[in-house]
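These are the structures, in structure tokens.
Below are two complexes that have chain A in common, paired first with chain B and then with chain C.
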Partner chain A sequence: MLKGSQNAIAFLFIIPSFFGVALFYIIPFFMSLEYAVTDRSGMFVGFENFTNLFASEAFRLAVWNTFRFMIIAIPLNMAIPLFIACLLFNTRGFGWLKTIFMSPLVIPTASTAFFFQSLFVSNGFVSRLLSTNVNWLQTNHAFTIAVGLFLWKNLGFNLVLALAARGNIPKDYYEWAAVEGMAHVPMFFKITVVYLIPGLFIMFVMSFINSFRIYRELYMLAGNYPHQSIYMLQHYMNNQFLWLNRQNLTASAFIITLAVSAFMIVFFVIDKKFEYVE
Partner chain B sequence: MVKKIFLILFALIYIIPLLIIFTNSFMSMGEITRNYGAEYDLFDHGRMAYTSYVRYSLVPERITFSQYYTLLFMTPMYLDFFMNSVRLTLPIVLMHVVIGAMAAYGFTAWKFRYKEVIFIVYIILMVLPFQATLVPNFIMADTLGILNTHSSIILPLGFSPFAVFIMRQSMKGIPSSIFEAAQMDGANHLRQFASIAVPMSKGSGASLIILTFADSWAMVEHPMVFLRDAALEPLSLELYRIGQGNIGLIFAASVFYMLPMVWIFLYGQAYFEQGVKLSALK
Partner chain C sequence: MKKFIVILGVLLLTMAAFSACGSNDSPMDGNVENLSTELTIATPWASGFLEAAARRFEDMYDGRYTVTIVVYDDVMTYGQVLNTAIMSGMGEDILDVWGVPWQRIADVGGLLDLNHLISFQSEEFYQGVLDAFLQDGRRYAVPLGFRIDAFRLHDVAEDYIVNPNRFTLEDIIALSNAHPDRSLITGPMGMSDVTLAHRFFNLYFEDFIDLHNRTANVDSEKFINLLLDVQLLSESIMGGDWSEALIQETVMHNPAMNAEGIVDNTGLNLFTNSRGEGIVVPSTLFAVNANASNPALAARFIQFLLSEEMQSSPEMFGTPVNRNAAVINGQGTWDGSLALGFVPDGVDFDTNLAVFNALANRLTLAGTSDPFIGGFVSDEMSRFFVGEITAEQAAANLQARLMMYLNE
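Let's look at the complex of A and B:
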């Protein structure tokens, strides 16, 4: 009896959060689904909004760009910090550099956008170096610029995580390995990489969240209609909102929620498997 | 040696924009307009009238505080925008810490078979882009009649599952034997929460405060969607508008904007790193 009531009290701690999440996210999400299956006059149209959406070239472009951005930017935003962390960790007196790598986090988005524009517009710094007048943001290089901007902004946080993970590997492991006659390269893969894996989880989650947030910068950099190589789902959805097209907006929100849910569930099942293996 | 040079060059890429912002904030507005091309129209992509190449310069021709003077005394609305940012950010951070810590403890202590299933819903909501939760947030704000007020931004963001996730990561790492020992001594949940879970998650709390503060202080999409009244807008959105009229002000305004963030970073960094070390890697 006492045990049961204690468990109920533990549950009470979650109530404020449950309340808010239900009120602002879950309940209105189901309310919003009404738009996804009706037309503008409120008539039930089944899956028509969804078929329209998939038929739309803009939507398909946006999905492809977002996907392409994520599979390129997220792994880079994990690999580069790990590499830098290993360098920093072994270099005496350079620890303070990590503060510098964090500094883009404090710079206002508008100033970041301003700075990147001054680099890449037709009279920008890059054009000056190459003596041309190309607005690089309006070429296929825009995608590379977007990835670079993402890495510039978000690498620092992952670097701190990577450094902490690297710091958690006991020195003894390397000493034992050295006694056993292990060379440097296998040491890196068999010790460093293996023991950095737990840190990868949170680095991945943070990169995933931030890869969606790059929209802030892209919007300020190039407005509602950027070059087609960086037209993301967020641009598409924001434009639907501006056109008051709740049907398309809700349908695409539903699809993205479904896709993210499917991905996250698979990811978590795999992550749990790894935990049991350990 | 190669390693050191590489690290320094790489770090330079990261620090140069900050240096430019800081040093250029002491330039006269005329010098700024000249350096960045006279008709360089920051966010108007249609008429990118080209007059001269952009020139970066770290040293002002003459050090002047005219940007700051204009910002603080000639255009007092920027102080109001700054205050709007404070009014939006502080409640969000506070809600995150209190609600997040409580819920994280709940998720740790509560015994329920499908707890992890519920938590996956939290994680999904956490990673979804704002545009996906925009309509639900909007519908609820409309239903509650809080559109065009700060509450329409504070409430959905304040209840964001991110806080629960971060705090739970650290509470998971507390050995269960500590809680069991406390229970043996007759400590109830409130006691365990206040004397074990919270003190042992201070580091994560600091990371949470820094991350939430940085994120809310920089908000752009939320005020664009939920606020119609320009007088309610935060500085982050206003900085975006400065460029459209008066780019000469952008550097001083950026420095002004960054002050609280720099302060909170410098103040919290030690806790932050400790928090990352203790919790995030579990």
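Let's look at the complex of A and C:
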């Protein structure tokens, strides 16, 4: 714990950064609350904009798609790197695989979108392979493509995190467990998984943040109004911004901020419970 | 620390409170004399007509008012820039809104109802053309000129016309079925299946999309049948270009500007819905920004654009909505064509004008100029006609995309 004087010094260091964040994020955010509770003429309308928002099919679709994407993509983006990390950890000569997995992360968004477009448009690689002329980005498969793109882009980063977390588990634990006669599978769940939990939390937070960023690629792939299965919250909000519908934009921003904040609070409470592992 | 939080909180609340301050005065309450003397016009095209109108308007009032035309270079982003400006409480006073989703902007209060400022009920106008752009009785957009989307049948096909006052998709099918020898028929100007389907979609636009209530109804038998009927024509007759079988050419008819249209307009037909109504193709469409600094002056300028003087000017593009000006322009073009030997024997100007008026009087539909809706429709129709999806899938996809867009 920091003492009183150390607290003061810590706050001094934080102030410049906090000033910037407050000026460009916090203050505008709260100032925009005005739009969320007024109509276009500036009349106070209470929670009407919020009720309109929940009545909007487009908003509900965007929320559902974003939620569905997170539920599917985030666990996959944690499980697959973890599995690969466990395979690679004790295997020599596969360091180059890490480079390969990491490379999509440094490819510019526009190039990624162009590459995926060349694969899935009606005259793209996949359609030619299947001798058809389907634009896969305008079918229900668009969601699967979005998940695939997300994994392709972010898997490498989580792989590095998983390898680092795996490397932090002392070898002694495994040796002791082996001496006690523990089999490989119980060893994995009782040692590897338990001691990977702090690393998993970091992987989860990064995946959670990156799952919102998939919008950039989807926007470049399919524009403002993509197939309904990949119409995300950012599509909705970006379109509200384009139409300068401040009421819907701010109301949705507040709802999302509240939802993400509530989720993160719950998440950190759970994280605290696992602190003993560290 | 607590004090710091309290000070920050007070600061934030104060800023939020001040940000709500501002004038809510309506410029509609003012009159021409007491408000701004400068009028601005936004357009994506440089227009000789507008330029001439601006100078004449200034001269008419001895320089008391100035008219500035702002030409936006990027046509593609024009609509979005316009929307952003209007929603930010800015933008030019008068707006060229053809190709812009003006109904959507009007729905959120971005445009003024011109019925409050100008009387449009007059014998001198093609009333149906003007009224086609009414939205729930409100007049947000006014066409200055228009063209008729007509077509000319092959001589052999003319014998099979079902009803000369309407030409629906059903009539086209009946015509094609009745024709004895399709192999005889060829033509120089065709029309793709997507274009034809899109035309009929616009003719039945109000059955498919309710812009005011933000709903779509395209996952219906009617839309599916529209696609299937056009496909049937396309496959059974031509294998791709149905119109060559029956239609000699399509004509954007305009007696004032299109000399070729004058030559033989007695053989022209109009694409219509089952009620015999056709679509107005406006050459220009103007609206007044709700943020206009002097709405009365803006309305006065639009009234000037609709006057016989301006509508009959040589710079006018399209057929004027002012009937008198249309006659003046048409006569001038007719005489010019006569001098050049374009006008055939046995057709006089009065006959030509009567045919034109008969067609123009049936134009009562505006469709939509919303590029997003047009894009969705063309996109899904194209995918159907190239065989990528079924008609049912196209209808379902289009319904989903339209609802997504309309519900935002």
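Going forward, the second predicted complex is superposed on the first by the 268 of 278 C-alpha atoms of A that agree within 3 Å, B and C clash if a C-alpha of one lies under 4 Å from a C-alpha of the other, contacts with A are read in each partner's own complex, and residues count from 1 in each chain.
Operating definition for what follows: a residue touches a chain if its C-beta (ideal position, glycine included) is under 8 Å from a C-beta of that chain, and two chains touch if they have at least 3 such contacts.
Not measured: the values here are computed from a predicted model.
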item: Fit-or-clash call for chain B and chain C when the two complexes are aligned on chain A; value: fit
item: Touching partner for A:Y173 - first (chain B), second (chain C), both, neither; value: neither
item: Which superposed partner A:F188 touches (first chain B, second chain C, both, neither); value: neither
item: Chain B versus chain C as contact partner of A:F204, first or second or both or neither; value: neither
item: Per-residue touch tally on chain A - higher for chain B or for chain C; value: B
item: Touching partner for A:N239 - first (chain B), second (chain C), both, neither; value: second
item: First, second, both or neither for A:L105, with chain B first and chain C second; value: first
item: Partner chain(s) touched by A:N135 [first = chain B, second = chain C, both, neither]; value: both
item: Arrangement angle, chain B at one end, chain C at the other, chain A at the vertex (C-alpha, nearest 10°); value: 80
item: Partner chain in contact with A:F89 - chain B first, chain C second, else both or neither; value: neither
item: Partner chain in contact with A:Q228 - chain B first, chain C second, else both or neither; value: second
item: Smallest separation of CA atoms, chain C relative to chain B, angstrom; value: 5
item: Chain A positions touched by chain B in one structure and by chain C in the second; value: 11, 26-27, 31, 122, 133, 135, 246
item: Chain B - residues contacting chain A, complex; value: 3-4, 6-8, 10-11, 13-15, 17-18, 20-21, 36-37, 40, 42-43, 45, 48, 50-54, 56, 99-100, 102-103, 105-107, 109-112, 120-140, 143, 155-156, 158-159, 161-162, 164-165, 169, 188-190, 193, 214, 218, 220-221, 225, 235-236, 239-240, 242-243, 247, 250-251, 254, 257-258, 261-262, 265, 269, 272-273, 276-277, 280-282
item: Contacting residues of chain A [partner chain C, same complex]; value: 11, 22, 26-27, 30-31, 33-34, 38, 40-42, 56-59, 61, 122, 132-135, 138, 224-225, 227-228, 231, 236, 239-240, 242-246, 248
item: Of all residues in chain A, those that touch chain B in their complex; value: 6-7, 9-21, 23-29, 31-32, 35, 84, 87-88, 90-91, 94, 97, 99-115, 117-119, 121-125, 127-128, 133, 135, 152, 156, 160-161, 164-165, 167-168, 198-199, 202, 205, 208-209, 212-213, 215-216, 219-220, 222-223, 233-234, 237-238, 241, 246, 249-250, 253, 256-257, 260-261, 264-265, 268
item: Touch list for chain C against partner chain A, complex; value: 1, 8, 12, 15-16, 19-20, 22, 24, 80, 83-84, 87-88, 104, 108-109, 372, 376, 379, 383, 386-388, 397, 400-401, 403-405, 407-408
